[in-house]
Amino acid sequence: MSFFEAKGIVKNFGGVQALKGASLTINEDEIVSLIGPNGSGKTTFFNCLTGIYTPDEGDIYWAPGNCNLAGKPPHQVARLGIARTFQNIRLFTRMSLLENIMIGGQIHDGLNTFQKIFTTGKAILSEKKREIEALDLLQLFGLSARAFEPAGALSYGLQRRLEIARALAAKPKLLLLDEPCAGLNSHEIDDIIELVLKLRKRGHTILLIEHSMQIVMQISDRIVVFDAGSKIAEGLPHEVQKNNRVLSAYLGDEGHA
Amino acid sequence: MSEIFIFFTQVINGLTLGVAYGLIAVGYTLVYSILRLVNFAHGEIYMAGCYAALFTVNTLLAASIPSPFVLIASLIAGILASVILGLLVERLAYRYVRRVSVSATMITSLGMSIVLQNLAFIAFGATPTTFTNTFPRGSIIILGIPILYIQIFLILVTAIALIMLVFWIKRTKAGIAIRCVAQDPLAASLVGIDSNKVVITVFAIGAALAGLAGWLFGMYYGRAVFYMGLIPGLKAFTACIIGGMGSIAGAVVGSIIMGLLEVLSGAYVSLEYKDVFALSALLIILILRPSGLFGGQDVTRRV
Amino acid sequence: MLRAEFKKKTLWLAPTILFLLPLFTNNGYVIFVITATLFYSMVALSLNIVVGLSGIWQLAHAVFLAVGAYTAGFLAKNYGLSLWIGIPLGALVAAGLSLVLSLPTVRLRDEYLMIATLNFGVIAQILLTNLDGFTGGTAGMSGIPSLTIPWLTADGLVLTGAVRPDQQYFIVLLGFFFTFAFAWRVQCSPMGRALRAMREDELVTQSMGQDTRTLRVIAFAIGCGLAGLAGGIFAARFHSISPASANLSNSVLFLAMVIVGGVGNIWGVIIGAVLLSVIPEIFRDLERFRLFAFGMILVTCMVFRPQGLFPERLQTFVAGRQIN
């Protein structure tokens, strides 16, 4: 069984079938990109994976937790080692950068309720540890100088980085990035690409949604293509780029060579 | 044998109460469908209509004006008072706070409710003020069940008002505009609908219905007191949730259910606790079927 | 930086003044006003945990206060249970009762949550009025004994022969310090951070591994428990409690304190409590207008300054202490 395998995910909203038996496999230490035209169900798929939606059918096998993720609530999915970012950036804008990261880190504090409320000895140690880890992460992302500023004060590009940092604070075994380059200029996109490659070197497994073929070609080990709610192609980047079905999905039937 | 007749008498009582609650509930649901706002002061608008009608009745009767004119005059006074108050509250308070957040507007409406309740307290004191009864007393017997003239009147008037409302919403330009804004405010503005006008219209209609309810309840119970708006307001809102928030039919059906629940639990379980039963219906419906019987707005948070 | 240092140095000043106050004045009225202010501050702090810190709109807070008072009073009068035990028990009962309200409403939107709490408040008040056997009906419970500190007898702390310090005052003061410390601990804690995140964006907080439903229920219980504690102390101080204490007007008053002072800001809500308890005392003669005035203050505040007098400032807490 592979590291992560989603099979036959079906999701309906009222009359609309957003996902029609979508499947996707991820191996450890890969970067997989999920691409497809608008409305193909990519973000819906992400939401099913992370517990925000419960799939109507289908299973999601997760090796590190040895369980089926389908239908589990978001906080359990997170605790099983999956963290994500969001398509439209969702930071805690009124909290400082440091606290944004520390929330991510709190997932592993192992404290019971009493300790969490009264910050007793064990909690103090745990918090100090989180703080150090958070500051390290901020340093890695080049944000440590602004650790105590509100997250809302950052520029769009830096906010994207912070969101990724926050997801990393949860020490996930699988990182889901939902359009990490959306709205960024080419300079910022290069930064993100560099960041993602750095993360892969550090041993992270990443699944990301992206629109731009150029970005995806540079960073992916494998590409999966969705259209109209299910997978239509997958494979190595150069294979997918030439795939006729993919081209017609993106460009329309008249568009391919 | 008489047990059954007593039961049906109570059913009639509950129905009467329920349809009158329906008038208040429809006001809530209309405003909510446009603004996602629960106007806590709505109960006080109903109270204002009742007081206005009451004072008109007492004043005109003292001047020996004949009964039918008194009735009509008090109806107009009640509706006018409610509409004016409703529009004032929207213009002076809600309009500014709407921009901030829905919660802020709700807190403002809560504050308004307290302000209006206490204005009535300051003006009229703590003891109830009474109507001099102008409506013909008496009842008719249908199938052995006594029904008061005023109950028939109340149900008929409410039915007519609600039918007029539904017709107006479905057929007139203004009514369609309201439904457009309720569905999609942005799209509505893109086709040239002035949302401020719609808000004013909706507030006015909701207030008018509440004023009508005030007039009807005034004649039914014969008295008004400064806190009379609070519990009926909560019941009307509960009714909206039971029927499905945002649905007029839901508001009416829910209100009838609330009326029946209140009267029957008062008659067969305990008079002191009838309101407990009525208001607990909210918790029960939220556990069992949060979107209501007719499937209104989603009441849960997410995303 | 200067401000923070100034704050640290003067932090000890206020409690000391409050503690020594009865020695310097035997004006019963002043002590009464300060007692009332302390008491309202306790309630405001408890409500702040629910509304301010967690973003849960609770409009029936007065009920939990009353429940704490009734519990402590009932146990003291009928079973002779010392109020030292009865008052904490009252707090626990209030916290337990909060589950009845919080569990069914955990997933509701703000507006529906408000309505649910309003319904709950009315229901509770009806129950308190009608369960004569336990609560003494409309008139409520009276003749509740005082809470006494054994070694602090009336003669014990007389200085200059001028003043007999009011034991009751010290009880309330103690309660206030306890509540303040508790509220501060919660604010600075990891749970406090999780609550603030939940208030910002609940879905994301869940995606970060926090079980927000449980967090809400716990925060609610803590806030209501502290209100119950305040209620028990109220009962011990004023020796009586009635169903009117649980009414909507009081709940709205408490909410007004939190909102006017500054939602989420511990110092802000205390100032809100001070303002809304001292000002009515100044206008004692205009008692009839009291609630009207509160309503107007709330509405005016929402229209002109919805974030309150002292809005929550950006603070970072690590390991239970504030840094930055």
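The first chain written gets the first letter, and so on, giving A, B and C; residue counts start at 1 in each chain.
Throughout what follows, a residue touches a chain if its C-beta (ideal position, glycine included) is under 8 Å from a C-beta of that chain, and two chains touch if they have at least 3 such contacts.
Computed from a predicted structure; not experimentally measured.
Averaging Cα coordinates per chain and for the whole protein, the chain whose average falls nearest the overall one is C.
When each chain is reduced to the average of its Cα atoms, A sits farthest from chain B. Rounded to whole angstrom, the centroid-to-centroid distance between chain B and chain C, based on C-alpha atoms, equals 34 Å.
Put simply, the C-alpha centre of chain A and that of chain B have 49 angstrom between them.
Separating the CA-averaged centres of chain A and chain C is a span of 42 Å.
Across the assembly, chain C contributes residues 203 that each touch 2 or more other chains. Counting only residues that touch two or more partner chains, chain B has 302-303. Those residues of chain A in touch with two or more other chains are numbered 52.
Listing the residues of chain C that touch chain B in their complex gives 57, 59, 104-105, 107-112, 114-116, 118-120, 122-123, 126-127, 130, 202-203, 248-249, 252, 255-256, 259, 288-289, 291-292, 294-296, 298-299, 302-303, 306. Those residues of chain A that touch chain C in the shared complex are 50, 52, 73-75, 77-79, 83-84, 86, 90, 92-96, 98-99, 102-104, 106-107, 109, 111, 113, 116-119, 123-124, 126-128, 130-131, 148, 150, 166, 170. Every residue of chain B that touches chain C in the complex is listed here, in rising order: 36-38, 93, 96-97, 100, 102-104, 106-108, 110-119, 121-122, 230-231, 234, 237-238, 241, 272-273, 275-276, 279-280, 282-283, 286-287, 290, 299-303. On the chain C side of its complex with chain A, the touching residues are 185-186, 188-191, 193-194, 196-197, 200-201, 203-212, 218, 222, 312, 314, 316-320, 323-324.
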